[in-house]
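Notes to accompany the following structure.
Chain IDs A, B, C, D, E and F follow the sequence of writing; residue 1 opens each chain.
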């Protein structure tokens, strides 16, 4: 059984801040530092979506990358690109916009559409800066 | 006369929007597209500052990179990092926060401090995304 | 006069070979080495198009990047992406498809459309691999 | 048992097309899009080969990288670099040249030579463009 | 249980050589090649430290990246940056300074401090050049 | 006259320190900081060599990149790779091994061999880390 993992990269540029509504300004500053700046800051986010499967004998594809790209663009890039993660995104409402929380919510958006397209979502990597990124395997712990 | 050019890279993460106050919402959207999103978006900006000069015979330096880095951090990164370019930055007040305008204003902040440190600022490159960047030579047109 | 240089990056993936029709197979192999492989090889080409100008006081733009991107996509990416540079591209017909020759021909395709959009094309950088690239300034020699 | 994973990167530039011989031109175009261009296109492929093992107490090596590099160059780069993946490569004959299929065939070429050199091949990553890559663990599913 | 993996990148520049004291110069040259150069050579090392955990409901953090960065800087970068890995580093004394051995020793330095900060170290990736890197999972074999 | 600029990239890994023999240890530390570490440190240096010319009508080449690469490998990479810039390199003897001084000396090594091969060396870029690099135009000041 020759399972192959295929990954598609997309980008979005967004504003956010790390802010806990239940805390004082001082505690927000203490915990989140400059990321708590009241007037927001932002990033060029890069997302890598990995799907696994056995290549189709006729197409050689685990999943058609065009189809995978369209799902990511429709369900992730369109709602997040050039947006404010704290204010503008229905599926992030009420969520503290840490990269960890965002990657979990992105997973929930695309796991079913990818399954309908015949693929199995197995990993999302979300890069915030060249110095930090998160990875999410749907809650699984491969290592 | 063996002039050498030396470049220091620094990063800052900021929010901004492209917005012309004198225009209607419709015209802003028409000209600036998704960059006009009311609630801001953001980027990981990378700045490359280039200084030219003849290496000092005793140190081999055009300028001490530690000193150059301190100037950039104090006069560019500190005021811009994790900030909103439209709201939080005194030297950008009243300026439409396009990358072109921002690079000109950054030049004005550091040209004198670099001269005082014995260097000659000759180029700033400001990268907004992997797909677009601006370069500024203090108004000169080398090509 | 605060001239700023702005650059837009785009990509295309293409096949080509280096082949001089007037030469024997042996001489082609001797001069072009493995690049002369009869059945083609290919690259992920990256193109950087630089336009210079004074930022518009109302928009802060040297040129609207959306417009610049559309010109590059229409006149460069569309005809070259997923194509064979020796066989498929009208504006490269009869040209030995070296990176040097290709960059000159690309310049000729976009210099006028960019001028019509109010910009001045001043540099194209065409990257063939991480180890080699060419730059063209319309024939000028800035250094 | 202090197992360490070591990875070597190599590059090759090749032409290919996605084409199913059993289909009409129309169906090829519908499924494979511009990747089905009759006259080929190409990429700068990057391959990462990962070997695991316990560092040798005398050398500190999981495997001598010089030896690993020689295997990859002899068995992967030599047959694929500046070649046409559909026409020129004996071990890809009869295979639809999707990245998924190519990575499986590359694994078959090097798993035994690496074992003979005392290493255990555990992963190959094959990058086609900055936007898509595949990973293969010999059929295993680590996540 | 929504386990997320978060990674922090840091850099250090160091000299080293690959040299087995118990061997002759000839055998060192034979096994380690140019890496055995008597007068040292060096690299820009990049380290990626990965911690896993369930995001804290109040902060959205697996671990506070500021705290993780401080641990890495204090226990890895401070002792290794601008140092000679064979001569200057207490925790590498008596160790052949291969990348494999260095990554194991770095793990031992930071696994407890990260645990005390509430995180679980699960992977270190140590990049020596763009062509080779090692990964260490504390001895575990996830694939 | 369609002058094109072509650039070849090569890499070398070397040790060095910044050290002025005529100064006390204290002054060396004060000026050069951690770069003065007695036991050396090191870097992955990347060099970009740019040659300009008019593409040959028969080959489409400014210079044959294979020939340019061989010159760089013979005259730069061979003497510098896996070496100590302060101790091992004849053409750097007596020179304070700053990046500025090294780039000037490299220019002197390759300007004539490149001229003999029919090319005109016009720029060398020497990258020490992702945060700093130098450029040298043979002493000219293009900007």
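Just so we're on the same page, contacts are C-beta pairs under 8 Å (C-beta built on N, C-alpha and C of every residue); 3 or more make two chains touch, one makes a residue touch a chain.
All figures in this text were calculated on a predicted structure; none of them were measured in a lab.
Of all chains in the assembly, none touches chain C and also chain D. Different-residue interface: chain C and chain F share under half of the residue numbers found at their contact.
Taking only C-alpha atoms, you rotate chain E by 180 degrees to land it on chain F; that is to the nearest 5. For the pair chain D and chain F, the distance between C-alpha centroids works out to 34 Å.
Measuring from the averaged C-alpha position of chain B to that of chain F gives a distance of 28 Å. Mean C-alpha positions place chain C and chain E at a centre distance of 41 Å.
Multi-chain contact residues of chain D (touching two or more other chains) are listed as 130, 137, 140, 142-143. Chain pairs that touch, as defined above: A-B, A-D, A-E, B-C, B-F, C-D, C-F, D-E, E-F.
Partner chain C is touched in their complex by these residues of chain D: 11, 13-16, 34-35, 37, 39-44, 81-84, 87-88, 129-130.
Within the complex formed with chain C, the residues of chain F that make contact are 1-10, 50, 52, 55, 58-62, 64-66, 122-123, 137, 140, 142-143.
By the touch criterion stated above, chain F contacts chain B in their complex at residues 18, 20, 22, 31-33, 95-101, 103-104, 130-137, 139-143.
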